[in-house]
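So that you can tell them apart, the chains are marked A, B, C and D in the order they are listed, and the count of residues begins at 1 in each.
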Amino acid sequence: MILVAVGVFVIGIGFSVLWSFTSSKLFPTYDFVGLAQYRRLWADSRWLVSVNNIWFFGLMSITCNMVFGYLLAVFMDQRIRQEDLFRSIFLYPFAMSLIVTGLVWQWVLDPNLGLQAALRNLGWSSFSFAPLVDADTALYALVVAGIWQGSGVTMAILLAGLRGVDEEIWKAARVDGIPTWRTHMSIVAPMMKGAFATAFVLQCVSVVRVYDLVIAMTGGGPGIATSMPAVYVIQLITVRQNVGQGMAAATMMLLPVLVVLAFGGILLWRRNREASA
Amino acid sequence: MTAGQITAIQPVQEGQDQAGAGPFGPKPRRISAGRIGLYAFLVVAALFFLIPVYIMIVTSLKGMPEIRLGHLFNLPGEPTFQPWADAWLHACTGRDCNGLSPGFYNSVKITLPSVVISIICASVNGYALTFWPYRGANLLFGLLVFGAFVPYQVVIYPLIIGLSSVGLFASLPGIIIVHTIFGMPILTLLFRNFYAAIPVELFKAARVDGAGFWRIFFHIMLPMSVPITVVAVILQVTGIWNDFLFGIVFAGRPNWPMTVQLNNIVNTTTGVREYNVNMAATILTAAVPLIIYFVSGRWFVRGIAAGAVKG
Amino acid sequence: MAQNGTSVSIQDLSLSFGAISVLHTLNLDVAEGEFIVLLGPSGCGKSTLLNCIAGLLDISEGRIFIKGKNVTWEEPKDRGIGMVFQSYALYPQMTVERNLSFGLRVAGLPKEEIDKRIARAAEILQIEPLLQRKPSALSGGQRQRVAIGRALVRDVDVFLFDEPLSNLDAKLRAELRVEIKLLHRKLQNTMIYVTHDQIEAMTLADRIAVMKGGVIQQLDAPQTIYNRPVNRFVAGFLGSPAMNFIDGRLEKVGSDWQFAFEDVRIPLATYAFEKEPTPGPAVFGMRPEHVAFNSGAGWPFTTTANVEVVEPMGSDTLVWLKLGKQNFTVRVTSERTPNNADTVSIGFDPMRASLFDAQTGNRL
Amino acid sequence: MRYKLLTAALAATAALQFAGPAAAADLEVIHWWTSKGESAAVSQFAKAFDNDGHGDKWVDSAVALGETARSTVMQRVLGGDPPGAAQFNPGRQYEELISGGKLLDLTDVATAGKWDEVIRPKAIGSACLVDGHWWCVPVNIHSNYWAWYSKPVFEKAGVPEPKSLADFIAAAPKIKEAGLIPFAIGGDGNGWQIQLLFQDMVTEALGVAKRDEMYTKKSAEIAGGPEMKGVFTQLRTLKQFTDNGYANRNWNDTTNLVITGKAGLQVMGDWARGEFAAAGMTGVKDFGCMIGLNEDKPVISTDGDIIVFFKQDNPDVEAAQKRLAALLISPEVQVAFNNAKGSMPVRGDVDMSTADPCMQKSLKAVENPSNIVTATNRFITENTNQQINELVSQYFADDSMTADDATAKFSTIIGNSD
């Protein structure tokens, strides 16, 4: 099965690269046009905006998600009451279809319907809150919604990692007189490498592939301000019926991922070799 | 609780007389500022998380005229459960107006085998990658993780061509294969990290005892993997249950999952929207994964945990 | 109040989690320099008691004194204790040296002092060559030595061991057992040691506290516990193979007592009763190694029995007999091994027996 | 191949229900008519087909959202498992299907039904007529060119109801002063609502002939001309009259602002009547409807829906497909469907007297060929269409982009369109 899966991904990506050199529109064709699609891609302001956005969005959302997820996990680990309830609350957004939850967020952030209207009704008439209408704040709104949707999963994985740390390590640290925060920073967090790695990879995957969130929250707008590479790719392939350029965008999008993975792989390989030597 | 503490204090007085003054019994718990801060943080975070679901629930209980007024946070003036009934039984999803219910069985039919097969495959993969490293195993794993980053829409065309050439396009086995393939990267990662935390001594001991690949897997690894399997089940059930893209393309018309109905209820290009029904339908569709969270929440968290204990 | 020379004193300690009571009004005084082993089956509360002493668990009732100071509400680090865990609990990403020094650094000790203490601990435990390694590069035995070292550098009077050898294989376990004994002799400090392994208990302890159901059943020197167990539980828990138990009746014949079961009568003239007994149902206990085998007359009690199974163990042999209808195990030296289905004669002195009340299980 | 499976699976049911001739067939139809009103409309088709006397059966495959439904169709075609029929919008969305030989030629049905005579306006028929062959069936006309306004809002602001966009722009400041939103618009779906407005304004500014010339000749010159700059300038003016909650708002919520009297006017296609009707409001009486952007110069765009049929290797199925094609355009079905859908029928020889007053206005206007505007989608591909979407929504959102920049970009898009 692993071979089949890898085969599907490799063949799929192979075809995508191949089609990126063709003039395919609605259906893939083999009418090769060289690098024309790439030239058009990098001349498209929407793609350029998308590329800029993904770095900002990725950095913000992965950082916030990991920090917030870890904080939640640590706090949940303090023998609190109603842990099950809290955990379910933090996890539920993961189970809900974004089509509608995105709409609800949109309502909440809509100045005439949501928070602004509610607080003004309560008498705070100068309160102003319309993040989605402004290109800069719309990206932050996306980050916040992303945290809302994804940090529960991060929390669960990290909480699981925390629970996986040998109880006796905590005891030993207490006997040694190490303060709780210091135990977290110096002993426990480094022990949770596996959990952090899993959560981190999941986060990266969801950032690179971010689509539903953008469509549901901002539709890529205002204008094209919150467009992302995956949104661009998918819309080119489906709505815009421009498979060739969409595949060129997909190839450009996956290239950095491949470089990072290959780099990581080489590092790991060299470390393993040193360790075994 | 309080009564118990009071009776518990009785013998204390005697003891104190004999042994003199000094701390006795449990350390008095002071409600520290830190503890208050902790709960404050959790409650505020929980409220932030609950805003959308609060709005969804109140909206689902309102009639459309009330919703049009736009008082988002208000409780329903005249609560009605009709939208819930509509969402499940009467909402239009095309020519038919039977709500979400017709797709429920299809979703079960797709989710159950997909989850089971993908988890079996991934656990064997993770185990093989960890304990039986073959040539190129790391490369293979790297490619698999790379695969996780590919947007589904990009590989959907080759997949369609491939599946239709073997006659499995738009069929139940077809959709199960697709879900299994796309579940592979994350699940394998999960299982691999889990097995990596198991002491190698355990594996070596079994090998010395002459146990083979499958024997070690079934008799040693599998019993230890119950918790991580629950984690995988939760991830997969959520993913597959909520899948729309693959379901509509690869399952074939007779097997369309519930999300197709959900999409048809909540989305429209030029039609009239009924938000109360939309909200109810969304919550109803999420019910299965939500129930799984509630039921197996404890295992979810203890799951990965079990791997790292006493290394 | 803690008496002079008392290192750890536990007074009326109880612990319950909600409705579940784990420890009941426990009292224990440990003398300075004493090696106490808490022994019992899993779930008996021995580890819980140790955690209470360490301050890792909040107690429900009672007091704990260490070196005469009431530490009931103190944090673990302020109790003057060092602790060694079953899983070693080493900090995996730190070198051995960092593992040993981390607590001291956090406490803000001067560097020279830290170095001095580490050097001493490393010398005592012979781990100098390992100081720059990480725990993952150590064997189980080495790890446990480092774990002991971490307690050692704290320069404390009381060492707490929580099943420290359970994760090791049999050979290493035996080696480290001896090392711990030597360490105790060298350091002369108080050690409280939790185990479920009776050999560790018997070999290491000055006194053993046998625990069951959150209660100390018997607290005595190992030999006393072995030879004069206070109840049937203690008798059965210690010794391998376990003590033979025979259900029967205590009868008075004239002025002498005898133990009767089926058609067998065992005279108890040599048995030292705890107090004047009363006739009635009782349990007769006899350790397998206290039975003489085909050694002729001269024993207060002799009888014949059928051999069921013979288990040669190397140094000696276990013989499973039927005494009447009751199972009876005898440990004999290897030279005297009988064959299966032989009929053999056995003899013992009831002086070495243990009699228990059939109802309460208490020693008679 | 899969089709046979489906047929087999459903054959049993069909056989039980209809003792029809052996030539009966099941046809799977993919469409995106999923809302309550649309459901009622599509069931008119289905009912008629199920009862056509041949034992045929309509297998309904609804997939909400046009782009999702179209993607599904394309993927099915690629997988060698096309549905029997599918909904599209008249335009260029299906030209590759025609050139790829995927579609069933309906010319014989059209000839028999005299489609070239009965279908009006001609522009809607021409969407299906390529190189003298009929490749699809137009089923209705939806005009994009409408404006809807709230009577109470204009009353409250003390301004007369508008007769043109110019009237509205003159009145808008007063509405704003009254604390209301003059102009309602939403920015969802890549800004299609903004483009709809934009195309209305383009037609108004250029006139039909020049507009058609710009699109058909891909004239960068016209696209970069002064009239277009005027359109962009006017768009910026309208932006001043909207609220800051427009981002990603869908058209339903936008219409609701007009329904609830929070906003003055919205430019939206004739389907917006559905939301007014659901709120219990009747056109002309409770709210105003303006055809095009000027009541004196009504325009009807020939947007709407068409049905294509996919080639199958089964003559029975093909016969059924042709039966359905003929049925879709028959007068009874046209009336039943369009009354339920709230759209205009594609033939004029039917009785639509039960339609509401706004629709009556529309039905009157459609009979005059000079009012007819060919749908923009007929000229441009989806790729170009989305590029225009992006441009206008970006311009609408970003006040720092000047009308000159926007005109230049528009000119480039049109010049490079395919």
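Keep in mind that, in the parts below, a contact is a pair of C-beta atoms (placed from the backbone, for glycine too) under 8 Å apart; a residue touches a chain by one contact, two chains touch by 3 or more.
Model, not experiment: these values are computed from the prediction.
More inter-chain C-beta contacts link the pair A-D than the other of B-C and A-D.
Of all chains displayed, B has the C-alpha centre closest to the centre of the whole protein C-alpha set. If you average the Cα atoms of chain B and of chain C, the two centres end up 47 Å apart.
In whole angstrom, the spacing between the mean C-alpha positions of chain A and chain D is 36.
One inter-chain figure worth recording: chain B and chain D are separated by 40 Å, centre to centre, where each centre is the mean of the chain's CA atoms.
A separation of 56 Å divides the Cα centre of chain A from that of chain C.
Contact of a single residue of chain A with at least two other chains is seen at positions 103, 112-113, 166, 191, 238.
Residue positions of chain C touching 2 or more other chains, listed in rising order: 86-87, 92. Within chain D, residues 68, 78, 250, 262 each touch two or more of the remaining chains. If you check each pair of chains against the touch rule, the ones that pass are A-B, A-C, A-D, B-C, B-D.
Interface residues of chain B, counted against chain C in their complex, comprise 8, 11-12, 15, 19-20, 22-28, 310-311. For chain A in complex with chain D, the touching residues are 25-27, 46, 103, 106, 110-113, 130, 132-133, 135, 138, 217-225, 235-236, 238-242. The part of chain A that touches chain C in the complex is made up of residues 166, 168-169, 171-172, 174-179, 182, 186-187, 190-191. Put simply, chain B touches chain A in their complex at residues 38-39, 41-42, 45-46, 48-53, 55-56, 59, 70, 72-73, 121, 124-125, 128, 138-140, 142-151, 153-155, 157-159, 162, 180-182, 184-186, 188-190, 193, 196-197, 231, 238, 242, 259, 262-263, 266-267, 278-279, 281-283, 285-286, 289-290, 293-294, 297-298, 300-311.
Here chain D touches chain B in the complex through residues 1-2, 5-6, 9, 28, 31-39, 42-43, 46, 58-66, 68, 72, 75-76, 78-81, 142, 250-252, 256, 259-260, 262, 269, 271, 274-275, 277-279, going by the rule given at the top.
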